[in-house]
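So that you can tell them apart, the chains are marked A, B, C, D, E and F in the order they are listed, and the count of residues begins at 1 in each.
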């Protein structure tokens, strides 16, 4: 018997063989996910909560093939205050520090228009509230509240190192690109307890959405040079590196090239770190096969 | 000996072996292209004209491997009035008619916001002047002044046929998509005597540029519904059909799917028609191998 | 407890751990599919019915992870008359009307040999009986009895529209291509209650099988011009558009190109429509992820 | 000054800049190819010979970038008897022996229907005349008169070895597949002094053309079993091994699999041998880069 | 109730919903695999055996969706002598004969250095013990003890046939390549009751590991010619045929090309044979869909 | 008339039409390349010099289509001292400084075995002489004497930055990987005045060749841990990142992943820098189309 609360992340009404419906669900808390099934009164119950709601679930747990599910007797939405957020999602760690570091790195931008553009975001409290609690993704990398800031800090440090190592890279442009490259994810993903793609996100993608946000701010900055706008927009549009990865143009300037590479490096290393941590938790030295990168990852436990 | 005028479409200063520079050029008129080379005073001469200028060329023609070139003695830019445009580029045919038909088809849009959006373009004389003289491409399909209008008319007719044949396709949305899908090409291509990609075009691409133009107009229409804006922008962003072809999102609505297909059909049929016409002109029944589509095209002359 | 009839669409004898066999089955009726398992006397029972048979099934239903299965106690084949076809498969709708329209469109073919070729099919009652009840596919598009006719009507309308829109497309050839392009599916698929690929279909494919049927008829038409035969066969062989999609030659004539495009357009729009309808039935605005097209489809419910 | 005869393998009328046409040509004899250009009276001269004709050419040779061309003064077709075939193409070597071996291997087929089918080809003098002088390709492998027989003999030997090495391969079926797999090339290629794809070949491909020839013969053999026909046709249709390589179905039986592999092995080894021989002739130990296989080939001269 | 012994091939500790762990396992014997689950005392039990151990298992069998699992009550490792190997894995057949044949074929190598190199392996009892009991793979082809020898014999026969059929192939080099091409698999795979990739195998791959073994032996042979070493190493490195398949260089000599082809042929035919045998065992004429080769395989039972 | 010296980088004996041979050549000095052709006595002349020789060339320069060639009258090899190296190739810049920095970074490695391994290379004067004058490639990136050191320094800096930014990356392992990843290029490329792939390089590739060099040194270090050797070899084998790019295994540890990324970043940025510099030299703001990366590169000159 179980009586606990979760975030509801999936809810499917399906036909029963003999007529009527049953309700399949997936619940999530900070320890993982579990399936649930409810047989009686499924249509009515399904109306009582939405995906992303925190729900109280009572039922019995059974298992098959090593996976567990709850035979649900009752599922009810809770209100704020009836649950403890920390039970449901890993609390962001260090986000305040990371945000402070990101601010201080961005503030080293010299070019006045880029500096003003970045400031217009960083001084916008509403933006910062959303930015600092956002995940950079649904699952793959930096997929936790605060993940987007952590990702940007890593990239900003890599950007600064790159400018010291390579000649002829425009540091200001690159740093502005780092701050702004993924801000479309604030709207592409639902960014709450259940991070998932929004309808707008699926239809437009974060490249377009982010550029829209940037252009709106640029339009309010008097005298923002056309050439500079072009350079920046190109970096943002090209930061996925190739058409196959969803950029409508490939990097054609050095800054666009570097931005793509440091984004990829930060994302891949973070994904490896997460996979290695999960694998070690299971006491293994090799991860399960990871379809996205078509390999198992090694923890180096010999 | 030749003494004629052309559009200058290529101009390369290169090192001579023994020091100094020579100037390689390509000239174009309505009959085709020819290379040119100039040995004396190359740096100074190169400064006297820009790509896209109409130039007077004097020199002697020689050939090798069946290709001709001019050993140039003199090349000078001409001013308007010193040449006849019809010698330089095929005059647009039927563009006025096509434009009228396109207008009348677009005017059948019922949804008031889409209708107003389209009207705001079609009633803008500056836009119409550029739109009606634009090519839809540099070489492949509808690559002539007026080609963009011709392409849109074909698509509008296909759109209307599709709405009659398939249930559940939103005719108004599809027609608006037809009118607006390629307007970014007005800026992506130089659209003059020498149609080539502009710097902005290479860095941003016509998808982004066109959407920018559309959003600017939508923002001036009071009460334009958010959902409708989303549907339209998705159609425009997805009209290349796949990431590989440069759309950052793939078609996810029926209208986006149909828009992509009728764009492709119009483009491919036009390209085949051009290739077949060129092949017949040469008295052949099979075209040369066309790398872009990896085949020879057949004129059906058995 | 369940006691109902179904089409048997899968039947697997598998080893029991302790020796002996058990029988896994899948049953289907017009509402969907359900798995079944039978423990006793499995080998003997498996001999009593074939895939595609209508069978009476008695047993108890249980579920796991939201999927149902029948613990089967008895399964027996039924004879015609012991069941109602409408319970097992969605009845074809409008097929008679669609067939009539297709006939009338095909009858507009002027070229006498193509006209005679098409007539030889359309006046063959045996052919028509099979053609009019055939599905165009197993699952993806027009996958219901009468689906092939519906698909051909859509294409015929698109063909006629295309001939009006594009110059230089041979209307007669294109319409003949529409009628004949998929007739190999009559034998490639089992086309009964259980539509599945036949052994011949898997080994030869509907392109080859259809062309065989066409050549047989052409051979009976005196004076069918060689060039015309070549044009038609090319359209049929190339109608999948690329080697990767199973055409041994790519479209090299305008008619082959158009035939490929309108086939694809009709198929994709139909598949989207089916997915959208299924998604709305489930009360969702986004379909499940569709692996074949690597995306979710949007119903436009905002 | 040159005055010699060649096969004319290319003939292009092109526009001269100042009006009129010139004629670009390519000529070939057993030592290789050379370009030619003719300035005067080009249209009339172009009418006097066809591609594939043996022509007498008079002119002066010049060069550029290490390639030669003839400035042609006169080009005239010759009649049989006015030239020596051995000057124009490498004479087939050993074809009679190879054909005898192929016959004797095919005659070991036991299955009576397959034996009769093969006999119907091998006893057809017209077929043998064409078969024994055919090339297996335009350039890549066994691209010389008699090449098709040489290719089939290599494959027959590999087939027999494979049947001894692997259990469960149907020797008769495989040998019949070897004899018949490429007979469509008799019509796909022009198979004369100038081997090039025919119009039928480009539109239908040798898979379809060969199968047509096979089916016609099978239809004349009483009692040819349906299953056997299916097995054979599958082998023939699948012998390119994958859709990308132009087979509309992939190998699904062991014989089809083996046929594909031994075809590929014979072709690749022959191509390597030719490349190695050409490279050694030039005194090199590494061939030029070969785009088709994306590598240089090594002669093993260290 | 079941009480039997198996090889343990999977062992996963997972979190129970209410805290604590459960243990998911997979067991294997010569008849196949079965899952197991253990609820009590999972952490302690998991420590008592390793993957690859032979274990005694007691529990109750249940099923769902046609798949079985054991609810495990007790699982204990056994010692040698407490079980019969023949119950756990198919005994190698004919390996002694195959090995003798392989030896005799390899002994026909004339080139003294290659002969000595091969002898140094074949006369090494430790090597032979491991080589003769190795599988050539985990699942796909020759995946049984002795499979590697069987694979090499097939290839040696094909190599000899190829040298008779094709001119200019170095028989000694090719035979040495056959013997040595896959010896890295002795360490890449665990090669016991549970054949799986080792950590070294996953990190280095059998190409590198095998070449290392070969180089070590070559270094002990006085006067082994540099050029010959290069030829041999190239054959070994290139034997997967393409970069995509894991060779860091593509075949550039004829021997490397032939080695790749006969390896592939032997592997594919063996995989087909296995699939066909399994399919016939199930009484079917078509295999299940095989994702690796993207097709169903046909047994030719019509 | 020209009378100058060059490196001979290409030398092709080709057939003259009328019998005899001519000699096509390519010559190179620090300003670029030029073709040459010699008509008389070609076979004898071709024997007098080898590729890579510095040769004195006398002849007359002509041009076609903007490309120059020398009609060569005399070509003779020179001896050391008869020419000035600086005329033939850009002198390495800063290599001594870069080498010193690389040494000092590598000397920070703490792990004693890795430290000793690196020291064994860096203290080997013969190695250092070759290493410090090597190019990292033939054309694409760091393709100049000293380029390999410059590339390794960039990577070492990126490695150190990465270790500061990302947790859990083994700094010693990564730095050793940086030093050793490309040392195979010392033998893969001819590394003299004419950098080209050697026969060994083409047959084995620099991955294998470098690993061989590393293993030889590891074998001389007492007590080098097996696990560490495995980690290092994996980094080296996997540093191309994917099978398609020539690594036989993909990166499976974090260090291998980071090594791949920083190698790629250094290479791409260097290639962009070279292309941008060349483009600016020509007075252009867009490079020519670069096939390897399928794009034009932008210099940001608006």
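Simple rule for what comes next: contacts are C-beta pairs under 8 Å (C-beta built on N, C-alpha and C of every residue); 3 or more make two chains touch, one makes a residue touch a chain.
Model, not experiment: these values are computed from the prediction.
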{"item": "Selected from B-C, A-B or A-F, interface repeating E-F by over half of its contact pairs", "value": "A-B"}
{"item": "Chain pair, A-B or D-E, that carries the greater number of C-beta contacts", "value": "D-E"}
{"item": "Centre-of-Cα separation between subunit E and subunit C, whole angstrom", "value": "41"}
{"item": "Overlap residues in subunit E, where contacts from two or more other chains coincide", "value": "64, 199, 202-203, 230-231, 252-253, 296, 298, 302"}
{"item": "Of subunit D, residues touching subunit C in the complex", "value": "199-200, 202-205, 207-208, 211-212, 215, 230-231, 233-234, 237, 243-249, 252-253"}
{"item": "Residue numbers on subunit A that touch subunit C, as the complex places them", "value": "12-18, 22, 24, 35, 37, 64, 67, 69, 199, 202-203"}
{"item": "Complex interface listing, subunit C residues touching subunit B", "value": "154, 157-158, 161-162, 164-169, 227, 230-231, 250, 252-254, 257-258, 261-262, 264-265, 268-269, 272-273, 276, 293-298, 300, 302"}
{"item": "Subunit C to subunit A touching residues, read off their complex", "value": "2, 31-32, 34, 61, 63-66, 68, 70, 282-283, 285-286, 296, 298, 302"}
